[in-house]
Structures are given as structure tokens and as C-alpha cells.
């Protein structure tokens, strides 16, 4: 098992290499020229050319790639072409909000969704089941910005409970953090609650027909215990998977939510960098997120064996 | 108790590039006005006024001597010297089109002592002060010589300024927020502030610019009292602010922006002047502006190439544009030109709100006239890259795109990029147009304002006839501020000196 | 033979069912599953419920527990536990009673245990629910009860998950769970089916001890007449959802009234071994020094390993049957699964028709599969719950090119052979009784006409009449097709009945092997002797309803 | 009657699902609603009162007015026509993204889950794929192929695939330990057949959930892409971009979001109900509980 974990952690290297090459090629395919963004509307072609030259964008691709990898190996993520600030610092600043909100979202989603899904499966085809279903469908199909706007309208503007926008790091106090992060997390939660609740329901239904559920009842276990201790763990693997991939998605940054709530997160950074063709930032971002994904996926995989001992690697 | 006064402002975009010589991006220019000062500046009559320096012109109009005023220091405490100014001007002139024109005529530019700068031209150049004092695109900002020595195509990394605010580097988050502190040792001029000229008195401790890509968020934040100011408000959202007695919505400066279409002269169908004219005839400004802005209070139908409300603007020959379009005329012109259905590749950027609607409306009107329009949507980055290429449209080129200018940027025939007819050296679209070049030479040669105005009239007629651009009208996006903010200067560039914030 | 003769007339009634009827309300015609069942069990009494597989024994017990599957409903009748009617009770009230007052041991231990919880925790949970013992006490009681059901290596087993245990070990976990709170009524549905006779004996005496100490009433469902003879006070015989006969054990065994009872008893196989068939055919299966070690696992620290099969060797020739008997957990199923290559042997050779299949890849194995079939110990889970019986039965033949229609016809025929109605083809596994499922599994394996059939406790869940039928079927197939059978069982009667040779396993190793007649009559190894000694009902001649007249097996020396 | 052989085994679950009496009223309504939506979108060009592109900026953002039963959008285009026609592309994109990612997810996930040797390589490739942002992919694809529905579908689908793969793999990892899978191996069932016949049904329930989720999110993502210039033209109506465009007018004219939103929700709701019914049918143990 320890060996497995080690192998998986080492596997980060080829994954990142794959990602690096892929992203590099992808950027090559994408039209766009950071020089043009920097120079603005009135720049002359000659001026653009000089800027390109100065930024090293005229070198052949493999030279750029090699020098970038060289830089990486020295632990240097480079500097933004657009703002000339070090990429590492930029990402570090932006990672905090995204991670914190992702975590809060997942916590809230799981806390809400699992009981909802369990209830829906237990009361299969009852009013509760259909209510969970309806809520889930809305969670899927209402655009996040609508949810966000409505929450802001109600909780910020009407009731004044939460600020309209902005982010306070956890270092400024948990209260301040939650005060700012609650609405955006709640907005995202609606999607994930929907997904996780449905997934929970689907898998619980499968499990509730099993013999060991009858055994648990024969022991005199109350329904709650039957559902949560006996059934849920057996249904856990696919549920964990959606939670895990959901979390992975969230730490990649969620542009719309970050925009609506004006959160300086990774999502906006990535989109801005892509739209500005800020290559070093895009490359570093994707490398970083892929690293995080490998990590999150490793944790999901390990959790499988924890929840279902029959699964072995 | 002493409380820090911070003005939190939502600007029209996020600040990313910090070098005002590298880019013409407005947000960088706005940033530069915060932390740098300029030698001379324009007042509300577009007249150059002394700012860091006053000037003397020799009789023959060839020698300009600028004298720095006393008490000027950089944010590191060092005094501003003529050497700094010269280095800054030279770096600026490498990138600025106007600067290049002056440099072409420059014999020498040097610091004669700590306070004086002597600029000697080889021939007189009447618009010299206008160019040096221009408030937009690339104004010549004064930075320390060590910073100005950075090659013009490399971004500066030292942000020591000379202006009324100091850049707080630690709090800078590119594209997200930027903070400025009052620079206590800045010595304002005594004259009252007037546009970019006059005394820049700072009455708050900090100014924080935050970027909110979602304008509704900004509106909500303003309503919630979390921010003080929104630079550009979408007109459609005005009703949301109307009921709030703490908020004022106003047009800060009336000249505003010009939106316009540029055609590609190199490739069919727009290599044919008749077809260009047909395109112009098909377009109704009213439709474009209504879709874009909505409320007519905030837009102005204007057929003037050089802008309405400017000294030289004229609307001659633009009646189809301003009077609802000449669809019949357009159809007739197309017929006459024998338009064969060659597709018109209209590049439409989608990620910039200010440019997203016009292409949709324009392409509908062109289609109605009989054009075969291929509207391709792309992000702005792709557009700016693509528009720089001269390839045929089918192979990655283009026929037409739309962009916006600040009216002061295009109000002068020399600086208006559309009025460059030098083929490959011209602005994207590359018209080869000797007439317009001749007209501009006439304009430079004109002795007085009346003469300039006369030439401008001809420029207008010619630009419209040859469709160097299709003006789509003017608009001003209103700003919104909480009423605690007062004393804002009505200049095209939003500036934060002179502003007061009530407790 | 000494039967239990104690009368319980004076003891208070622990459980009484009156006119208990169960039907399938949602199925057209609302077929009856139970018809007017009257059973009375007094305190301290052991009632054995025997009868045809699928006759409703399990349904009766589930009805008492209030745990009928949703498809089944009690349509009439009463169930009284110590005078209290159970049927009108709320879920919460029933919960109070379960495990504490009425405990049940389910028929199929693999599916009855939660696969993702450690078995130790599952035992402790019962106490957690009904007592307020502190955790340490719960643990020590759980360990104690596990020792009482003679689980080996209790510390390891305590921390194991169900899939890491042998069938018998899982069964003992179930038993431990049911006994730990010393209930008033214990319902045991084939509790010792998966156990070797020595362990079975220990369990039975444990239950007996519980009865004498606490007056526990026991409802014991079994098809093993030997066990009935040993432990029953009263016997109820069921067929087709009805009680056909009941009475004190001796009366039933000596003077059975109903035809069905007589038929049932006559089907009980005799303990005297068969005459071995001549060893004429060529060797089809040869196992050489087979070893299997189960890896420890564990997230950070390695758990101890289990050496489940040690140096096992044997050969099997065409048309003969090799029996593997032995202690529960001795590695019988492990050997079977290795032969089947469902798990990879740690070392050793497995020669099938002259090819060593021990190291073959999945794909290389496929052509050999047809010749090698298996009937699993756990019939429920070895049938895909989403498939109809027909689909499961024809899967194999279709794989090897049989036409669908032919395969279906054969499947239908096979079902009648194993004693199931033809309409069973369209039903799903969960709609059958344990024994019925096992018959489906047998039918599935036999349909392949294999050269070697590995049968892991294949007939242990069958009532003796069906068992006889199936054993006859196997014998027939052997005659016709020369199938060689590896027959894993703990039932020495069955082993005696059908095995030509027997190997005896203990702790993963073969302790004795030889001709069945030899090993079962003149056991050489101490463990084998103990095994035979422990066979229940040894001294009763069931077929003839009387004591054994001549002793056909040696008494221990 | 017991002599009639069951129909071909692959069709079995489907036939069962159709013929079942337990098929409740909910799924039936859902089927009707879904059918209605599909028919409406197919017939949209004939049903729509206006050309969805024709604009009149002077009557923009009007409530129900003459000839515009649902009012006009910010270009003065007819909302009803746009919503009707918008369903076409949205459904094509949503369904294609869902179907493609689910099918690929199934194929890849089952292989990864079942074959230990393939697992490591496949999953590491999926990890890598997961890290590529859809927007970048979309911009690159649009640049390569030109703006096309295909590019959009690909850009949306590719990042979804690893998630579907993970889900399927997870289910297969657990299911492959079941004795009935061992039994199938013993019966000589080939690996593809085991995967499809034994393991696939286990993955269906979670996949239906994931699939409908992908369907909805694809329709919404499409709009985000088109607003970043990497999607279908914003001129062409889709439910996604009608809503995204309506975003600016959320407080002034919420109908712009409401109408396409209701259509989308109805669609997703009915697909979910049908999916649930289908999965219940596939699980014989559940049929009993259907009562």
C-alpha cells in the first residue's frame, strides 16, 4: 500500500510532463499574441515585432519549451508576459480563495446532499424522493449566475446579512472568511448538492436490497443506523468519486462564481490568462492544477479501499 | 479619531500592464496618471497648459525650452531633474506615433541643466505642444531616468512615480486590484484643476481600484455601500440605481467614445470602393446605438469622422448613417458594383462587452442589403492577432471589424489612425490613399484654426466617400458614485485628485 | 441412539404462531407461500423445522422476525412472542425485540454480513444497540463469544472483513452475533450447514448450554437429519408451505406418518462409504504442491498473512470423485478457487488434461474453462442478481457456441432435473430459497458438461430428498460423460455416498488421503477420527426408522 | 408459455422496461413532456412566429407586445422564436456531450476498472486530460477547425470524459469482486462480455445521474464558451446563450432567463425521471418496491 502511494506520487512526473507538452502544443495551436494585448489598439506592426522579440516569443517552439522546462527545473515558474510579475506569486495569491471556497463548498454539499440522497432512496418514490429530485434538477439546470444573483439579492441587498462581493482570507479570521465566502460557496453548493444527492440516492437504492441490510435490521438497528452505517458505506465508492471529481473541478476555479462574487481566484486568473495568451501563467496554472488533480485523485482512490475493503490496489 | 479615507473604485477593466509606454490600454494610462506627472497637460479647451514644466518657443518655432518647476520629487524622494524628463521623453517617443513624427524632425533633445530641457527641431511643427500634452493613447509620463533607460520594448519593473499618488506594489494583484496611496511630498500647482491641467490636490489617503468583470456585481456592491465609484456603467442597469438616494449617476464627460467599423481594403469585396460605400449606406447608427446602449440619453448619432463636440468634427456626407440608413441606396450600389456574393468576414469579439453588440446589428443590416456576411465570433485576443494579418479572409484574414475610440484620440487628423493612407504602413485595413495623406499635409501646413477647420471638412468628405471608416456613432457610459464622493474632475480620463470623500 | 425426551408441557410458551399465512400480494393470483402455519415453541425447547427446499422454512422465520422481503406479506394469522402479538407492533417496538429477545442466524452468511465492516464491529454492534456496556466490555464479550463459536485466530478474525473469511467462519460470526445477547428465542436457519462436523458439534453444544442456562427457545431450521436426531425435542415437517407433520423427535423418526416424511427420511444417505469405482480413465486433474498465501494488506502497516493452502497435492482420474473434507477454514475453498484459477496460487502446478494452467493468463485460460466448472459455496452472490435464471443458465453454453434455442431447451430440462419448476427460468435469484438457488448453480455448472467439476458445498443447503436427486444426477453424468468431480463437503454422509477418494484437510494441509472406504472406515489420522466421531446421528438408521444394526465403520481405537 | 424463450438477451432489459406495469405515472408524464420538447424543437422553424435573427433595436427589451408573445430581447428579437429554435442546438450539444462522454467514460472506465494492468496508465492519462481547461481547448479547436458545433462539443466533452471514466471505474472496481463475476469467468465468458453484460448494468444508475448532469452543464457551458468567443455564434440562439445574454438584464427582464431555463429544467427533469424508471427496471429487486 505504501508502495502504491509512492508509485502514485511518482506518477505525477509523467502526468505533468504529458500535460506540459500538451499545453504547449495547444497554446501553439491557439492564435493570439500577448504582444498585441500589451501594446494595445494603436500599436504599429513594427512595435509588436519588437515586443515579441523582447519577450522571446519569436524563438522556435522547442527552444521556448526547453527554456521553460529548464526554468521549471530550477523551481522558477517564470514571469507573466502581461504584468511582468512573478507567476508563482500570482498563483499563490489566487490559490487561497479558490481552495478555501472549494473546501467550504464540498463540506456544505456533502453535509446536505448525503442525508437528502439517503432520504430519497429510503422513501423511494415518495414526496420526499420527488422533492429531492426536483431540487436536484434545478441545481443542475439553473445557471450559477442566476443562483448567485438571487442569493445576493435576498441575503445581501434585502437582508444585509452578507456582503455583496469580495473575499476575506481565513487569516483575517474565520468569521470574516465565512461572512464573505458563505454565499459563493452556497451558490456552488446547489450544483454539487444536486449531483451528490442524486448519486447517493441511485447507489443507496442498489444497496438497500441487500441481505446484510436485513441482517442489520435483525439486529434491531434503528433505520438511521441501517441507512448511514450499513448501507451508505456500501454505496460510498461512486459517491466518493463524484465528490472527489467535483472537488477537483472546484480547485480548478469556477469562473462564473468568482466573477459574480468578485473573488480573486484561480478560475478568473486562468481565463484571463488564456484570453490574454499569457503563456507562462497558463502553463504554470495548468501544471499546478494537474498536480492537484493527481493528488486529489490519489486521495479518492485511497479512500475507496477505506470504504470498501474488497478493493485493493 | 483619525480615520483613513479610502476611495474604492471599480474601473472599466483590470490593471495588468504597468508600463504606460508599452501599451495604449486606457487602464494603464489611467494608472499612469495616478502615479506619474506630465510635463504639460491639456485643459478642458484642449489647450496645452504647464504642468511639471512651463515652456518657451523660439521665434522660428524650432526650439522649445521647458523649465521644471520647483519642489518636484519622485516617490523615492529624489528630485525630478531635466535628465529624467529627457530620458522619459525619449523612451516615450520610440513607441508613440506622434512622438515618432516629432523625433523625425528633432535635431536635439537634451537637459541643459537640472531644470531645463532644450528640444530643437529641424523645422517648425505646429502641433508640437498638442502632441506633448495629449491626454490619451500614450501621453509622455515622467519617470526616473534609471527607469526610462529600460528599452522601449521591455516592460519597466520599477514603479517609482512622479505623480500625486504612490503605487503600493505589495497590494497589486494583476487584473484584480491595485492600491494607491497619497504621495505626501507631491507639490500641486496653484491653478485650479481643469481637466488634466492645474493643481492635483489629493484629499484622500488611499484609492483602491478593483476590477469587477460582472457589472451587476459592481452595481450591487455600490448599492451595498461596499464601493464608492463605478467608472463605466451599463446604461441598461441604470434603473437599478435610480431608487437609491445615496447614489448619483452622471455622465462625467460628454465627448465620450466613438464606435466605428473598419473595412479591409486589400481583399474583395471591400477592395471595391462602391461596395464599401454600399456597406456604409446599409448601416443605420440608430440601430447600432440602440442595441448597444439602449437609452438615447447616453448616445449621440454622429457622422463626424473626427467626432462630434470636437473643434474639427463635421458631419458632412454622413446622412445615411445618421438618418436611419439608406438601404435602397446600398442595394443599388451593390447592384451597380456587380457584387458577386463574396462573403464578408466580420470579426466579432465576444469577450468585451463594449464591442459585442455592434457586429451583431451591423451584420444584420449588411445581410438585409444583400451582403453575404460571415460573422465569426472570437475572443478579442484572436481578433487583434488576426486583424494584423493581410491574408485573404478565407485563409485567416478578414474583411471587417469594429472597435471603439475615445473621442479625443480620433479628434485630430494626425493622430486618428484611420486617416492613415500609407498602404502597408497604415492601420489595419491598409488603405492606400494619397488624397488623405495630401489632406493631412495640408492640415499640418494650415496656418490657423480656420484653415485647419477647412481642411478637416475636406477630410471628412473624403473619408466618408472612400469609407476609410464607418462611424457608428458616439456614446458616453455614465459613471455612478456614492454621494460621499464629490469633486470629481470632468475629464475624459478619470482622475482621483481633487476628489473629496465625506465621512 | 438416545433421543431427547424431556417434555415441555409445563414450560411457558416462548413463541406461538397461529394460522400464519403469507402470500405474494403483487403477483397475479396472489400465490400462497405459507398456509396456516401453527408452531409452538416453549422455553428451553428445541424445535427443528425440516422439509423440502423451498417449502417456506426461511419465510416462516423471517415472518417471525418481521423481516419479510417486500414482495411477501402476512395475509392471516398471529405470531405471539411470550404472549405478545408481534404483528401489530411498530417498527420501533420490533427493533427493541430483535437481537435482544429474538435473534436470527441467516441462511447465507456471505450476503448476510456487511462486506465493508469488520466482523468484530458487526458483533459489537449488537451490544452497542441493546446494552450500555462500555466499549472495552463490548470488545471483550465479542472476543469471548468468538472463542465460544471456536473461531481460530480470534484476533485476526476480529479485524477481518467478511470476504477474508471462509464460509464456515462467516457462519460462525453470524452465530456469535445471534448468541451474544442470549435471546429468549433463537431462530437458526441452517446455521451449521457450512460447518465441518467437529465445529458443528461444538456449536450445537454451545446452543444446548445456552438453553439449559437461560431456557432459550430454539427454532432450528435444517435439512440434516443427523442434527435433528441429536438436538430436536420436537420436529415440524414442512412441504409446500404447510406443516405436514409434527411431533416429538423420536416419534417422527421411528414412526413417521406422512408419506413425505417417510420419503424424506429414506433419502438420508448412509454413512457407509460406497464402493470405489475402478480407476480406469486417464488422469484429468493433477495438483502438485499447491500453496496459497493471502497477502496482508492494510493502508500503512502490513497485516499478518494467512497461509491458507500448504503443499496440497492430489490426482483425479476421469469418472471419479475426490472428496475434500476438513475443518472449516482449513483451505478447502482456497484449493478449489486455485484450481479454478479464480485466484492465483502462490506456487505449485495444476495440470488439467496435461496442461499446466497454474500460470496461464486470462486469455490463455479461456479454452480450458469449458472443461473446468465450479459450483460455489455461496449460491446467492454467484448468480447475477439482475439476470433471470434463464440468462444465467445459458451464459456458459452460449460462450462456447451453443445456439440460443438449444441452450434454453437444455436449461429448462436441467431445471427439472434439479427439481425446480420450469417457470423458474423467468424469475430472478432473489425470488428463490437458498436451496433453490444452489440447485440453479449446480444446473448452471452441469450444463457445461465439464471434464472436471469443482463442487464447493454444492448440496449442503438441500434437503435430503433433493440432495439425493442431485447426487444421482451427478453420478449419472459421471457414468455418461466421465466427469471427474472434486467434491468439497463437511457432510460425511454425502462424502461416503459419492466419493471414491477422500482427502482430509486441516490448517491448510492435507493430513490424510486415500480411498473413501479406507479413510472413512479406518481413519489413520487423529483429526479424521475426531471428525467421524462427531458425525451427528451416527447410530440411527434413518432409512429404516430404527437404530443402526451393524456398525459399518470402525469405532475409534 | 414457459416454453417461449426469452427474447435476445441484449434487448431483454429494454423490453422489460417498456412492458412493465410498474411504470408509474411520473415517468409517463416525463416521456410525454420530453417528446413534446423534442417535437417542438424539431418543428421550431415552422412554429416560430419570427425569424430568430431579425432585430429591431428600437423595440428592445419589451414585454409582451404585438407579435411578440413573450416580448423581445436586447436586440429587439422575438424571445419566443429564439427560445423555440434555441432548443435545437442546445439539445444537440447537450445530448452529444452527454452521450459521447458517457460512452467513452464507460468504455475507458470499464477497462481501467477491470484490468489492473491498464488502470495505472489510463488513469494517469485521465488525470492529465482533466487538467486542460475547456476554454483553452475550445479556443484551440475553434482555431483549428473553425467555429463549429463539433468543436464546441469536443471542447465540452473532453474534460468531462475523465470524470465519467472515474465514476465507471469506481463502480467496476467494487463490482469485479462479486462472485457472479467469478462465476462468469469460470463459465468462460469473454472479458468484453463480462464487462458489458455483468458490469455495465451496475454502472448505469450512477451514469444516468452523471449523464443528465453533463447534459445540463454542457448546455450551460456552451454559452460560456460562446461568450468567450470560442463557441457557437452568439447570434444563433441556444438556451444557454439566451440565458447568458439575459444575464445582464437579470433584474430588468428576468424572462430572458426564465423561459429557456424552464425549458431546460423540464428537459432535465423528464430525462431524470425516465432514467430513474429505466434503472429501476434494470434492477429486479427494486421492481417490488415500485408499488
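Order as written gives the chain letters A, B, C and D; numbering starts at 1 within each chain.
One rule holds for everything that comes next: a contact is a pair of C-beta atoms (placed from the backbone, for glycine too) under 8 Å apart; a residue touches a chain by one contact, two chains touch by 3 or more.
In UniProt terms, the chains line up like this: A, D = ABC transporter permease; C = ABC transporter ATP-binding protein.
All values derive from a computational prediction rather than experimental measurement.
Engineer: Which chain has its C-alpha centre farthest away from the C-alpha centre of chain A (ABC transporter permease)?
Structural biologist: Max centre-to-centre separation from chain A (ABC transporter permease) belongs to C.
Engineer: Give me the two chains with the most inter-chain contact pairs.
Structural biologist: Most contacting pair of chains: A-D.
Engineer: Report, in whole Å, the distance between the mean C-alpha point of chain A (ABC transporter permease) and the mean C-alpha point of chain B.
Structural biologist: 39
Engineer: What is the distance, in whole Å, between the centres of chain A (ABC transporter permease) and chain C, each centre taken as the mean of its C-alpha atoms?
Structural biologist: For chain A (ABC transporter permease) versus chain C, the centre distance works out to 50 Å.
Engineer: Centroid of chain B to centroid of chain C, CA atoms only: how many Å?
Structural biologist: Averaging C-alpha atoms per chain gives centres 89 Å apart.
Engineer: Where the CA atoms of chain C average out and where those of chain D (ABC transporter permease) average out, how many Å apart are those spots?
Structural biologist: 48
Engineer: Residues of chain A (ABC transporter permease) touching 2+ other chains?
Structural biologist: Where chain A (ABC transporter permease) meets two or more other chains at a single residue, that happens at 30-32, 145, 149, 153, 209, 275, 308, 310.
Engineer: What residues in chain C touch two or more of the other chains?
Structural biologist: In chain C, residues 163, 385, 430 touch at least two other chains, as defined above.
Engineer: Two or more other chains touching the same residue: where does that happen in chain D (ABC transporter permease)?
Structural biologist: 139, 143, 177, 228, 247, 250-251, 283, 285, 289
Engineer: So which chains end up touching which?
Structural biologist: A-B, A-C, A-D, B-D, C-D
Engineer: In their shared complex, at which residues does chain A (ABC transporter permease) touch chain B?
Structural biologist: Chain A (ABC transporter permease) residues touching chain B: 30-33, 36-45, 47-48, 50-51, 53-54, 80, 82-85, 90, 93-94, 145, 149, 152-153, 156-157, 160, 163-166, 259-262, 264, 268-269, 272, 275-277.
Engineer: Where on chain B does chain D (ABC transporter permease) make contact in their complex?
Structural biologist: On the chain B side, the touching residues are 215-216, 234, 236-237, 239-240, 286-288, 290-291, 294, 348-351, 353, 356-357, 360-361, 363-364, 375-380, 382-383.
Engineer: Quick one: in the complex, what on chain C touches chain D (ABC transporter permease)?
Structural biologist: Within the complex, chain C touches chain D (ABC transporter permease) at residues 26, 69-71, 110, 163, 340, 342, 362, 366, 369-370, 372-374, 376, 378, 381-386, 388, 390-391, 395-396, 399-400, 404-405, 408, 412, 422-423, 425-426, 428, 430, 441, 444, 448.
Engineer: Can you tell me which positions in chain D (ABC transporter permease) touch chain A (ABC transporter permease) when the two form their complex?
Structural biologist: Per the stated touch rule, the residues are 24, 26, 116, 120, 123-125, 127-128, 130-133, 135-137, 139-140, 143-144, 162-163, 166-167, 170-171, 173-174, 177, 202, 205-206, 208-210, 212-213, 216-217, 219-220, 223-224, 228, 243-244, 247, 250-251, 257, 261, 264-265, 267-269, 272-273, 276, 279-280, 283, 285-286, 289-290.
Engineer: Which of the residues in chain A (ABC transporter permease) come into contact with chain C in the complex?
Structural biologist: Per the touch definition, chain A (ABC transporter permease) meets chain C at residues 1-2, 209-212, 214-223, 225, 229-230, 233-234, 236, 302, 305-310, 312.
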